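The same chain A turns up in both complexes below, where it pairs with chain B and then with chain C.
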Partner chain A sequence: MLLEVRNLSIDFKTSRGQIQALRDVSFQLSQGESLGFVGESGSGKSVTSLAIFDLLASNAVLRSGEILFQGRDILKMSEAEKQKIRGKDIAMIFQDPMTSLNPSFTVEYQIGEVLTEHLGLEKHQVRERTLELLSLVGIPDPQARLKTYPHELSGGMSQRVMIAMAIACNPKVLIADEPTTALDVTIQKQILSLLGKLRRELKMSLILVSHDLGVIAQNTDRIMVMYAGEVVETGESKGVIQGPMHPYTEGLLKCLPALHVHEPAGFRLPTISGIVPNLAERPQGCQLAPRCQYRQKNCEQVAVPTTELPSQKRQVRCFYPLQASKEIST
Partner chain B sequence: MQPRLRLENLEKVYEIKSLFKPSAEIRALRGVSLELFPGETLAIVGESGCGKSTLAKLLMKIESISSGRAQVDGKDLSSLSQKELPQFVQMIFQDPYSSLNPRKRIGVSIAEPLVIQGQLTKEAIQKRVTEVATSVGLRPEILERYPHMLSGGQRQRVGIARALITAPRVMICDEPVSALDVSVQSQVINLLLDLQKETNMSYLFISHDLGVVRFIAHRVAVMYLGRIVELGTKEQIFTSARHPYTQLLLKSSPYLHETADFEDVPTGELPSPLKPPSGCAFRTRCPFANELCAEKAPDLRSYKGVHVACHHAEKIS
Partner chain C sequence: MKEFWFLFKQNKGAVAGLFFVGLVTVFAILAPWLAPFEATFTDPSALRLPPVWMDGGSSTYLLGTDDLGRDQLSRLLHGARVSLGIGFFVVLFTTFFGVVIGLIAGSLGGKVDSVIMRLMDILMALPSILLAIVVVAVLGPSLLNTVIAVGIVSLPSVVRIVRASILVEKKKNYVVASQSFGAGWFRVYAINVLPNCVAPLLIQASFGFSDGILNAAALGFLGLGAQPPIPEWGTMLSDSRAYIESASWLVTTPGLCILLVVIAFNLLGDGLRDALDPKAKRN
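Right after this comes the complex of A and B.
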């Protein structure tokens, strides 16, 4: 297994006390696979991806868990060891490419920095490899782009430069946190297609974090659905979308207006009643229980373990998983 | 039927002045004409820089109209004073948090448009605030709270209540659900639908999310670099789009149950609005473009019931 996260729990110290941001998060990522993190704001999808990259804010406290990269626990490594992996074996791109690039340096300098730092390339090699990377990410006329500054690039082009930096050292894992959320749809499609192409060509694994189920459905092999800092359902993307087994996944899918476009006038969208729990005052049992239409008595009292359903290749954190055969109608 | 909103050849030109460079012009809106009828939702879709937000600013009189005419309920927009405007046009913003004053209680924020108008007594305003708050599903005790104490969905309800309180003829919704999580998004969409049913409200619904548009809109206008390139009913736009840009937009949207076709990804980006291409603005990204497109900008014309601005609409299916 390339990357394995086991029982990861992370707290944040705040003025209102310690908040449990992640609870018992476990997942695996094999080589060449793409895994999607889905969830609403505060669900912990970004915290999980930042934890792998060890970029959490200083008020984060690790309560338990391990992050095994090629069998070694990242959390136990020294800063120097982590530095060697970060940006080289595990790379990351972010939502807003405009703020992720340094405005005072040229494209060539910023990509070159990665190459000298991690690969120790010589000056003439750096130029060559930078040009190669720029054309790999589909930037037209790479030679002319070397000396440009980030403000001269469009959003789509900046994200391409970010991707070029991320893949500069042929990473084994690329974490993309909402990589296309700030971009227009036509550009989003270009970037997602580029990520797919690079993944195949470089045999890279991809973690795609997004709030957009459509983006996740079309670009990942497996999906991990998160709610209130917990993983509620993991499974093959197609299977999860066609037959969600956790009530939250089902609710999330049903809410999408795109699925109800053929309904007659006067149709009201299904909703998930209530709101996400305050992480400082978590419900005792299942985190979704107060909002769940299927809840039983024990859901509100007992913490729910994750159930493994090997025949469906699914993991569900629910006492009463929905039947896998139950399809969401389009 | 008299339209609630009628725009005729609306133009907006921004002048970019610089000490060091010759001044330049951005034509943010070019010859925009449309009508919005009572009880109707007209969606405006398009990518950044297409002019959809400029349009909203002109209608709210945040920016002045360079040329052309805008009428609300038969009255010329330019004849309406800032005080009168909220009775005719109001707006719901994308980010409900940054559009609320963090130092004011929710009730005060909702009441503000009426206080500025100064026609009602304090008691009457109070009554109206409670009434409107209830209609958008806010409990009365929320009126005493501050914006930071509310969830995203509640804040957007406050934004809607504040826009609704002057009983406007036209509501401009600028990406009203884009900042919300899916489960909250559907609640707010339901609310907008309910309000429309009750009050026969007209929505000018600006959005980039075609899933939401396809659900909520009656008609759709597609914009590209300041122009409307296609305008038709929801069915026409989503099932038989004629303009190559509309087709590109539809093809680019991620859908749940369809495998993406990544073999045929169109290249190219939006040209700079400072130097738009000659003729048809979309020709640099268009698979059908020829010499005619470079020479002459296509007019918005009627073809098989839709309005489309393309020389090749007949050839495209």
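Right after this comes the complex of A and C.
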């Protein structure tokens, strides 16, 4: 297994006390696979991806868990070892490309920095490789772009430069944290297909983080649905989309406008009523219980364990998984 | 750069300040060639001669002579060298140490930050001239020690500015991005973050120049700065204080020089701030 996260629990110390940002998050990522994290804001998607770099804010507390990269726990590595892995074996693309590039340096310098630091390339090699990377990410006239500063680039172009930096050292894992949220829809499509293409060509594993289930479904092999810092459902993308087992996944799917194109005008999109629980005052039992239309008595009282369904390659954190109950009822 | 110059040009005072600073710098550099006499050349036959436009003035000594018969104009020109030199080295000193200390405080945070900033608060709490006197008293009066003393006095403001800008930059995405690409502490802060803090530093340097000159002149006036016969403006003021009524030009000219240079640097600093600091942009 290339990357394996086991029972990761992370707290944040805040002025309102210690809040649990991640609870018992586990997932695996194999070579060449693409995994999608879906969930609302605050569900722990970004915290999980930053945790893989061990770059959480200083008020984060690791309660339990390990992050195994090629069998070694990243959280136990020395700072120097982590720096060797960051950007070289595991690289990240951020949500807002315009602010993720350093405004004081040229495109060439910023990509070159990664190359010299990790690969120790010579000056002329850096120039060559930078040009190669820029054309690989589909930037027209790379030669002319070398000396540009980030403020001279559009959002889509900046994100392409970010991607070029991220793939500079042929990383084994590429984490894209909402890579298209700040971009408009046409650019979004281009960037996503670029990521897919690069993943196939460079044989990378990809973690795609998004709140948009549609984006995730189209671009990943497997999906991990998160809610309030917990993983509620994991499974193959196709399977999850066609037959969601967790009520939250079902709710998310029903919210997708694309599924309702045949509805008459004036049709109101369904929503998941209620709001995400305040992480400082979590519900006792199932985190979704107050918003769940299927809830039973014990949902509100007992913490829900994750159920493995090996036949469907699915893990669900629910007492009453949807399809299973349907099977029973029919 | 073009935008900077456009904004800078709109501030007429700043342009005037820049012009005057440039002029004085040229005078300072060319002083040995421009000055009609050596700074230490004495003419025993012409003691306390008034400037050329006053009764009894001589065209040999355009701004008159002092109590030892030294040409006032030559001494002022050479004094420009000393004063600007002090200003330059003070700014160099404070910027270097201020950046290093501010960078450490801002990036490490926590206890290190608290200790450094409390030390800076203590330095700031002491009246600047008193602190400078203490430093000179410990190190002994000389030109170099003047630079050190004045430098220590203006260190806290630079440290504060650097730390504040680092704290602002620290929260920006590119810092995490840079860390996620495997950059260590030094690369993240000293190489990637620092260049983004240059604007406030440049403004501070301009004000630091004038503060440095002023403080050095004050030390010189108290006899703790440059020692005679070095033609430092503050020292010249102090030497001629006894003749304030009989030969007023001896006090007026170095005083005017200090005043004009300090005003010029302050105007320049204001202009830089207007042009570089986006928060101060009004339109």
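Throughout what follows, the second predicted complex is superposed on the first by the 319 of 330 C-alpha atoms of A that agree within 3 Å, B and C clash if a C-alpha of one lies under 4 Å from a C-alpha of the other, contacts with A are read in each partner's own complex, and residues count from 1 in each chain.
In this text, a contact is a pair of C-beta atoms (placed from the backbone, for glycine too) under 8 Å apart; a residue touches a chain by one contact, two chains touch by 3 or more.
Remember, it's a predicted structure, so these values are computed and weren't measured experimentally.
**Student:** Looking at the superposed three-chain arrangement on chain A, would you call chain B and chain C a clash or a fit?
**Tutor:** They fit side by side.
**Student:** Give me the angle at the C-alpha centre of chain A between the C-alpha centres of chain B and chain C, rounded to the nearest 10 degrees.
**Tutor:** 80
**Student:** Please tell me which partner, chain B or chain C, touches more residues of chain A.
**Tutor:** Ranking chain B and chain C by residues of chain A touched puts B first.
**Student:** Identify the partner contact of A:55: answer first if only chain B is touched, second if only chain C is, both if each is, neither if none is.
**Tutor:** Touch partner of A:55: chain C, not chain B.
**Student:** Please work out whether A:275 is in contact with chain B alone, chain C alone, both, or neither, and reply first, second, both or neither.
**Tutor:** In the superposition, A:275 touches chain B alone.
**Student:** For A:192, decide between first (touching chain B), second (touching chain C), both and neither.
**Tutor:** Once the two structures are laid over each other on A, A:192 reaches chain B alone.
**Student:** On the A-aligned overlay, A:91 touches which partner chain: chain B = first, chain C = second, or both, or neither?
**Tutor:** A:91: touches chain C, not chain B.
**Student:** Would you sort A:258 into first (chain B), second (chain C), both or neither based on which partner it touches?
**Tutor:** In the superposition, A:258 touches chain B alone.
**Student:** In the overlay, answer first, second, both or neither for which of chain B and chain C A:165 touches.
**Tutor:** A:165 contacts chain C only, not chain B.
**Student:** After superposing the two complexes on chain A, what is the shortest C-alpha distance between chain B and chain C, in Å?
**Tutor:** Taking the overlay as described at the top, chain B lies 6 Å from chain C at its nearest C-alpha.
**Student:** Show which residues of chain A both chain B and chain C reach, each in its own complex.
**Tutor:** In chain A, nothing is touched by chain B and also by chain C.
**Student:** Using the touch rule from the top, collect the residues of chain B that touch chain A in their complex.
**Tutor:** So the residues of chain B in touch with chain A come to 47-48, 151-153, 181-187, 189-190, 193-194, 197, 208, 210-212, 214-216, 238, 248-249, 251-260, 262, 265-267, 269-270.
**Student:** Going by the contact rule set out above, which residues of chain C touch chain A in the complex?
**Tutor:** It is residues 109, 172-174, 176-184, 187, 192, 195-196 of chain C that touch chain A.
**Student:** Which stretch or stretches of chain A touch chain C in the complex?
**Tutor:** It is residues 50, 53, 55, 58, 79-80, 83-88, 91-92, 94-96, 99-105, 113-114, 117-118, 162, 165-166 of chain A that touch chain C.
**Student:** Applying the document's contact rule, which stretches of chain A touch chain B when the two form their complex?
**Tutor:** 40-41, 138, 154-157, 184-190, 192-193, 196-197, 211-215, 217-219, 241-242, 251-253, 255-261, 266, 268-272, 275-276, 330
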